[in-house]
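Two complexes are shown next, each including chain A; its partner changes from chain B in the first to chain C in the second.
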Partner chain A sequence: MRRLNFLTGIIGGVLVAALFYVIARETLDQGSRTFVDTLTTLTGVGWVIGFWLGIGAFTGVGRWFIGKDQNHDDEMYLAGKDLGRARYWKYTTDHKVVGVQYVIVTMVLLAAGGILAMALRTELITPGAHFVNPQIYNAFISVHGMVMIIALIVAVAGPWANFVVPIMVGARDMAFPRLNALSLWTLVAAIPLLLGSLCVGGLSMGWVTQAPISEQAGPGMDLFALAIITFAVSTTVAGVNTICTVLTMRTKGMTLERLPIFVWSSIIAAGLGLYAFPFFLVVMALNIVDRTTGTSFFIASGGGTGWLQENLFWLMGHPEVYVILLPAVGALLEITTVFSRKPLFSYRTAVGGMAALAGLSVLVWAHHMFTTGWAPTLGGPFMLTTELISIPTGIVFLVILGTLWRGNIWMKLPMYWVFGFVFDFLIGGVTGIYLSDIPVDNQMHGTMFVVAHFHYVFVGSVLFGAIAALCFWFPKMTGRFLDEKLGKLSFWLTFVGVQVTFLSMFVSGLRGMPRRYASYAIIFEHTNFISTIGAYIIMAGMLVLLGAIIQSWRSGEPSGPNPWSSKTLEWLVPTPVPLENFEVLPVITSDPYTYGEELVNS
Partner chain B sequence: MSVLTHDEHTTGGHHESPEVIDHRQRLGIWIFIAGDVVTLAALLFTYLYLRGTNTEGSWRSVVAFDFTGKSLAQAQNLIDNGTPGRVFEKAVSSGLNWAIVLAVAVSAALFAFGERKIREGSARTLVPVGLAASAVAVVAAVLAVIQMRSIPQFYFVQNDSQLFIHTAYGSAMLALSGALIIHLVLLAFLGVGIVLRSLNGAISSTKWTQVRLVRFFWVWVAISTLITAVVTTALQ
Partner chain C sequence: MATSNENKKAIYSIFWIWLVITIVGVLISIKAPAWLMPTSASSTMHLVIETIVVFSVAAAPVAALVYAITLYALVKWRWRGDGVPPDGPNLRNNSTLTSVWIVSSTMLTIFLLIWGLAALAVDEGGGNGKNPMTVNVTGQQWAWSFTYPGTHVASNELYLPVNDKITFNVTSKDVVHGFWIVQMGVKVNANPGVSTSVSVTPNKIGTYDIRCTEICGLYHAYMVTRVHVLSDTAFAKWLSSQPSRA
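Up next, the complex of A and B:
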C-alpha cells in the first residue's frame, strides 16, 4: 500500500489493459462483426481495473474482506501525514489533498477541451476546409463537448465541495475518506479513455451520442461510453460522500438553517446527480451492449428505438445541467455576501429556489426532443415545465442582486467574476426561455443559436462561477492571494471574449447556420470570423489565468488565514489547514452571515 | 458566524463513537441504494418503453431466420436460399423467473437470520448462515445465467449486414438479468467478507453493525428482483 502512487496506477492500468487485450484477441472470434468493439471495450475495462489496482483502490476493500482492517497508523498514512508533496500523487484520503487534486484535474480537462475548442474555431474562421477534415472535426466536437461537460461537473463540486465543505460544517474530514480518494482517482481513470477515443477514430455524433449513429460509430464510441460509465461511478461515490458529510458530520450548533449557502448548493447538486447519473450509466452501458453482444436496444430493425436512447440520455441530460450550475451558483452567493458585507438576501428563498430548480429539472427532459417526433402531445406540458423552471432560476438570480443591493461592495478579484456571471447568465437564461418555446425551437433546434445559448450558460456563467470560487478560496488552499492584476486582466479578456464569440454566434444561429459542420455557407462568413477572434481572446484570458495561478501558487502575496474577513468556518481555521482541520471542534451559535453585526461570541 | 472555540462539552478526542460511525454508514448505504433504485428504474423504463413502443410489431417478434431444430446444413441452406420470416419469441420461463426470486429471497432471509442471531449475542451462527446465504446468492446468479442463455438470438439479414441479434424483448431481459448477476456477485463477495471478518473477530456480538449494512443491501436486491419479476411476467 505504501509504495503505490499515480505512476504505479498507470503501470497497473497499462499492464492489465494489455493483458485483457491479448486474452480478448486470442479468445474472441476475429471474424465477428462485434470483434473490434468487444476488444476495445475489454481493453478499456482492463485499464480501469488495473489503474484501480495500481493506485491502491482495492487495498482497503481487500483488507476489509479478510478481516484485517487498516489500523490508525495506516489511516494516518493514507491521509497523507508527513508525506509532503508526495501525497498529491497518491490515493490520499485527506479531503484537502483531494480538493487540490480536483483543481489540477479540472485544469487538465479544461485545457484538453479548450485545445479542441480552439481547433474547431480555427477551422471555422472562414468557410471551406482548412486543416482538419470533417471526420476529425466531428470527433473533436464530440470529445470537446463531453470533456467540457465533465470538467464543469467537477469544476466547483470537485475542488470546493471537497476542500471547504467539510470545514464549513465543522468536520474533521469527509464522511468516507477512502471513497473520496476513490471518486477522484476514478475520474482520473476516465480521462485517458475519453481522450483515447480520439486515438481510435473518435466518434461523429456529438456528445449526445445520438442513436443509431452511435451504434454505427467506430471503436471510439466504446471508449467514450466506458469513460462515461467510469465517470458516473466516480460522481455517484462523490455525491454519497458529500451528502453524508453534511447530514451527519456537522459540528454542534450547525443546524441546517445555519449551513452556508454553498453547502446547500453542494448537497442539492449531489442529490440531483444521484438521480441523473444512473441514467447516464445505463444509456452508455446499453449502447456498449448493443455494439458488443448483438442486442437491439437502440436499433429499430431489431425492435429497439433511437427514442429510447434520447429519453434515457435526456433524463440524465437536463438534470445534469443543474448538477453543473448549482455548485457554481452556491459559490457565487457565498462570494457575493462576503464582498457586499451584507447578510445573504433571503437565505430561505435561496435554498428553496435551488431545491425547486432541482425538483423541476427532472420534469423537463423532453424539451431536447421537441423536433424528434417523439410524443408530440407531450410538447405542451414539457414546454410548460421548462418555462416554469425560469421562476426558481430567476429567484436565485434575484438573491444575488438582492445581496448586492445597497451592499458595501468590495471590488476584489472574485467580485469581477460575480458581475460577469450576472451579465452572462441573464443572456444565457433568457435565450433558454426562447428555446423552450416549441415554435421557436422548431426553427432554432440544431442551429448555432442553441450552441451560443448553452455556452453563455456553461462558459459565461458556470466557468465564471468556478473561476470566482478559485479566486475566492485560493488563499485558503495555498496561503497566497491569486494575483489581482493578472486576474483582472484575465477577467476582462475572458469577459470580452465571451461576448464577442457567442453574441455573434447567436447571429449565425438566427440566420440558420447548423451546428456540427466543419464548413458553412458564405452568408455566415462574418459572424464566424468574429466568433473565432473572440475564441482567441478567451484563450488569451485563460492563459493569463493559468499564468496567474502558477505564479501565485509559487510566490504570490501571503494572505493569512482570513484575508476577506469572512465569517464562515473555513476562514476561522489556520492556513495551511491542519490535517484534522480543528484542534477542538467549534460550536456554532448564529447563522453564517452576520456581516454588519457585532460578533456575539468572539 | 459566531463560534465558541472552547467548549467544555467537546471531549477533545478525535475518535468518534461507534454509534456515530454506524449512523453515518447507514445513511451512506441508504443513499447508495437510492442510486441503485434509479438504475433499476432506468432498466425497467427501458423494458416498458420498448414493449410500449413495439417498433414495427417486433416486441417478442422479429423478421429473421429461425434455426430452431435445424441442422447446420439446413441452416446454411436457409441462409442461402430462404427468405426470412416473422419469428415469434417465446417469453422467458416464468418458472425460472420466480425460482430466481425465491433463491434471492431465501439468501436474504438467511443473511437476515444470521444478523438477528449475532445481535442477540450468538456470533457462532453467523458463519454457517452467512456462508449459506452467499452460496444461495451464487445459485441465484447461476439461475440468472441460465435465464440469460435461454434468450434466443436470431439470424437477421438486412441490406448488406447479416448478423445475430436479440429482439428488443430479449435485449431488455438480458440487461435485467445481467444487472441482477452483478448484484448477486457483489452480495456473495460481501457475504463471504462478513463471514471471514467474523472468523477474524472483526465482527462479533458487540461489533455487528456492518452485518446490518450488508443486510440492507441484500434485502433491497431481493426486493428489486421481485419487482423485476412482477413486471417481466405480468407484462410480457
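Up next, the complex of A and C:
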C-alpha cells in the first residue's frame, strides 16, 4: 500500500477506463443514438474511479472496513514523514504538502488556459478566421473559460487555505487530513477529462454549456461535463474541510473576533461554494443524463426548457464569482496591513462586507438572463439586488484605503500587486454597474464589453491577488524570497498588458462586437489588434513570473522564518514548517493587527 | 495635535488630486460614449448612451477619490528607509468615516437604481412610435428570417418603416440565438419552442446591423444580417414589390 503514488494513479485510471470502455462497447447497443455519449461518459467515470484506487484514496477507508485500521506509523507515513520530495507525488495528508501541490496544479491550469487564450487572441488578430477554424475556436473558448474558472477558484483557496489557514488558527493540520488529499487528487483527476474533451471534439457550446446547443455538441461535451462534476466533488470536500478546520480546530484564545481576515474570507468563500457547486453538479449531471439516456430536461421539443439550464447554471455562476474573489480579497487585505505596518482598518466592517457580498451574490443570478426573455417582470428586482452589491464592494475599497492611510508603506513585491488590484478592480467594478442596468445590459449583453469587464475582475483583480499571495507566502513555503527584480518586471508587463488588452476590448464591445466570434467585421480590426498585442505582453509577464518562481524556488535568497515581520501565526513557526506545525500550541491574547500599539501606550 | 495636522495636510493635497482626476473623468464621461458607440437609430439606443454618460459622471468622483488616495499613498507614505519600516499609527477604525462611506455609497446606488427603473418606465414597450407593427423573427443555424404578419412576405434582411413601433416576436428552429439590432439597443434571445418579444421604434432612416449574440455553433460569427429602415412610402413600396412566398 505504501508504494502507491501519482504514477500508479494514472496506471489505475487508464486500466479501469479501458475496462469500462470494453465492457460498455460490448454490452451497449451500438446502433443507438446515445451510444457514443454513453461510451465516453462511462470511460470517463472509469478514469476517475481507477485514478482514485490507483493513488490510494480509499486505502484508509478500505483498511478500516476490513478491520485493519491504520496505526500511528501508517498515519505518519501518510502525512509524508521522512519521505522527502516523494511526498509531493503521493496521497499525502500533510496540509502543507497539499498546499504546495495546489500551487503546482494551479500553475498547470493557468498555463493550459493561457495557451488557449493566446491561440484565441492570435486568431482574432485579423478579421477573418485564418489561424484556427471556427470549430476549433469554439472548442478553445469553451475549454479556456472552464479551465480558467477552475484555476481561479483554486488559485488562492487551494494553496493558501490549505497551507496557511490551519497554521493561522493554531491547528496541527486540517480537520480531515485525508479528505484534504482527496480534494486535491480529485481535482487532478478532473484535469485530463477537461483537456481531453478537446481531443474527442465537438465542443460547440461555450463554457456556459447552454442547452440545447450543448445537447448537439459532440462527445467532448460528455468529458467536459464529467470534469465539472468531478471538480464539484473536489471543491465540496475542500470547502467542508476548511470550514470545519476553522470552526473546530482553533487554538486557545483564537476567538472568531481574532481570526486573521484571510481566514474569514476563506470560510465565507468555502461556505458560499457549498451553496453554489451543487447547482454546478446538478446542471452537468442532467445534461449528461439528457445526452446518454434520452431524457429531455433541457430539450424544448421533449417538453424540457433551456431556461431551466440557464437558471441552474447561473445559480452557481454568480456565487462562484465571489467564491473566486473573496479569498483573493482576504489575502490582499492581509498583505496590506503587513506592508503598511498598520492594523486592518475597520475589521468588523471588513468581515461584514465580505459576508454581505456572499449573501447578496446568491440573489443576483438572473442578471445574466436579462436578455433571454425569461421572466421579464423580474428584471427590476434583480437590477436592485445587483446594484446593492456595489455597497459591500465599496467597503473592500474603504478597508484597503483606510489601512494604507498614513501607513509606512513598504513597497516590496506583494505590494505592487495590491496597488495593481486597486487600479483594476475599480475599473472592473464600475463597468459592472453599467451592466446591472437593464437598458444598458440589453445593448451590452453578449458583447466584448462583458468579456472585458469580467477579465478586469478575474485577471486584473483575482489573478493579481493570487500572485500577491504567492509572493507574500512564498518565503514561508520554500524558505526563499521570490526574486524581487524578476517579480517586478513581471508585474509591470502584466499590469500594462492587462490595460492594453482589456481597455481596447471595452472599445470593441462598445462599438458592437459580439463575443465568441471567430471572425468579425472590419471596423473592429484595430481594437482587436491592440488587444492581441496586449495579450502577448501579459504572456511575457507570466513567463517572467514562471522563470522567477522556478529560479527562486531552487536558489533564491534565503528568507528566514518571518521576513516581513508579520504577526499572524504562520510567520511565528519555523521555516520549513515542521510536521504538525507547533511543538506547543500557542495561546492567543489579541488579534494579529497590533501594529503601532506601543506608540499609543508610550 | 500632530495627528490631526497630518490628516489635514493629506486631505488638502488629496482634494486637489481628486479634483483634477474628477474633472478629467467627467469630461471623458460626457464625450467618450457617443464617440465610441454606434450611431443611435432609436430612442432606446439614445437612452442607453445617455445612461452610460450619467453613470460615468456619477462614478467619476468616486473613482477619482480611490485613485487620488492610492496615488498620494504611493508617493507620500512610501517607506524609503532600509529594512522593515516602523509601525504606523494604530488606527483601527473611524466609525464616522465608515458610516459616511456606507451611507453615501448607498445613496449613490439608490440614485442609479431609480435612474434605471425610470429609464425602463420611460422606454416601456420600446418608444412611442405611431403605428404598431409586428415582425416575426426566426433564427436557425446560421441565418435569420423575417416574416411580416398580414402579408405573405418573407426576407433574410429586415426592412422596417421609420417612426413606427415595431414588435418582434422572436423564436428559433434549433438552438438558442441572440437577436440584436446593434444601433437600436434591443436584444432578445431566440429560444426554440417559445416566442419572446421585444419592441423598438426606429427613428432614423438608414442601414444597420443585426448580429447573433448567443453562441450557436460552427458559424455563429457569420450569423449577421442587415436592417434597412425606410420611409413609410419606401417601405410600402418594398412590401408590395416582394413576391408572395405562399
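Definition applied: the second predicted complex is superposed on the first by the 596 of 602 C-alpha atoms of A that agree within 3 Å, B and C clash if a C-alpha of one lies under 4 Å from a C-alpha of the other, contacts with A are read in each partner's own complex, and residues count from 1 in each chain.
Everything that follows uses one rule, which is that a contact is a pair of C-beta atoms (placed from the backbone, for glycine too) under 8 Å apart; a residue touches a chain by one contact, two chains touch by 3 or more.
Source: prediction; values computed, not measured.
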| query | Here chain A is shared; do chain B and chain C fit on it together or clash? | reply | fit
| request: Considering only touches as defined above, state whether A:580 meets chain B (first), chain C (second), both or neither. | output: first
| Looking at the overlay, what does A:588 touch: chain B (first), chain C (second), both, or neither? | first
| task | Please work out whether A:68 is in contact with chain B alone, chain C alone, both, or neither, and reply first, second, both or neither. | result | first
| Looking at the overlay, what does A:240 touch: chain B (first), chain C (second), both, or neither? | first
| task | Kindly classify A:286 by the partners it touches after superposition: chain B alone (first), chain C alone (second), both, or neither? | result | first
| field | Residue contacts with chain A in the superposition, chain B compared against chain C | value | C
| First (chain B), second (chain C), both or neither: which does A:564 touch? | second
| remark: To the nearest 10 degrees, chain B and chain C lie apart, as seen from the C-alpha centre of chain A, by 100
| query | Is A:165 in contact with chain B, with chain C, with both, or with neither (first, second, both, neither)? | reply | neither
| Is A:57 contacted by the first partner chain B, the second partner chain C, both or neither? | neither
| query | Should A:252 be classified as contacting the first partner (chain B), the second (chain C), both, or neither? | reply | first
| Minimal inter-chain CA distance - chain C and chain B, angstrom | 8
| said: Output the chain A positions appearing in both contact lists, the one against chain B and the one against chain C. | reply: 300-301, 305, 307, 593-594, 599-600
| task | Write out the stretch or stretches of chain B touching chain A in their complex. | result | 1-7, 9-10, 12, 14, 20, 23-24, 27-28, 31-32, 34-36, 38-39, 41-43, 45-46, 49-50, 53-56, 58-59, 61-62, 153, 156, 158, 161, 163-172, 174-175, 178, 189, 192-193, 196-203
| task | Spell out the residues on chain C that touch chain A in their complex, using ranges where they run on. | result | 6-7, 10, 33, 36-38, 44-45, 47-48, 51-52, 55, 59, 62-63, 66-67, 69-70, 73-74, 77-79, 84-94, 97-98, 101-102, 105-106, 108-109, 112-113, 115-117, 119-120, 123, 170, 174-176, 178, 180, 182-183, 185-189, 191-194, 196-197, 209, 211-222, 224
| query | For the complex, which residues does chain A have touching chain C? | reply | 129, 134-135, 138, 141, 204-206, 210-213, 216, 300-301, 305-307, 340-349, 371-373, 379-380, 383-384, 387-388, 390-391, 394-395, 397-398, 401-402, 404-411, 419, 422-423, 426, 430, 433-434, 436-440, 442-443, 445-447, 507, 510-512, 514-521, 564-565, 593-600
| task | Would you tell me which residues of chain A are touching chain B in their complex? | result | 33, 64-69, 172, 175-176, 236, 239-241, 243-244, 247-249, 252, 258, 274-275, 277-279, 281-283, 285-286, 289-290, 293-297, 299-305, 307-308, 311-312, 315, 567-569, 572, 580, 584-594, 599-602
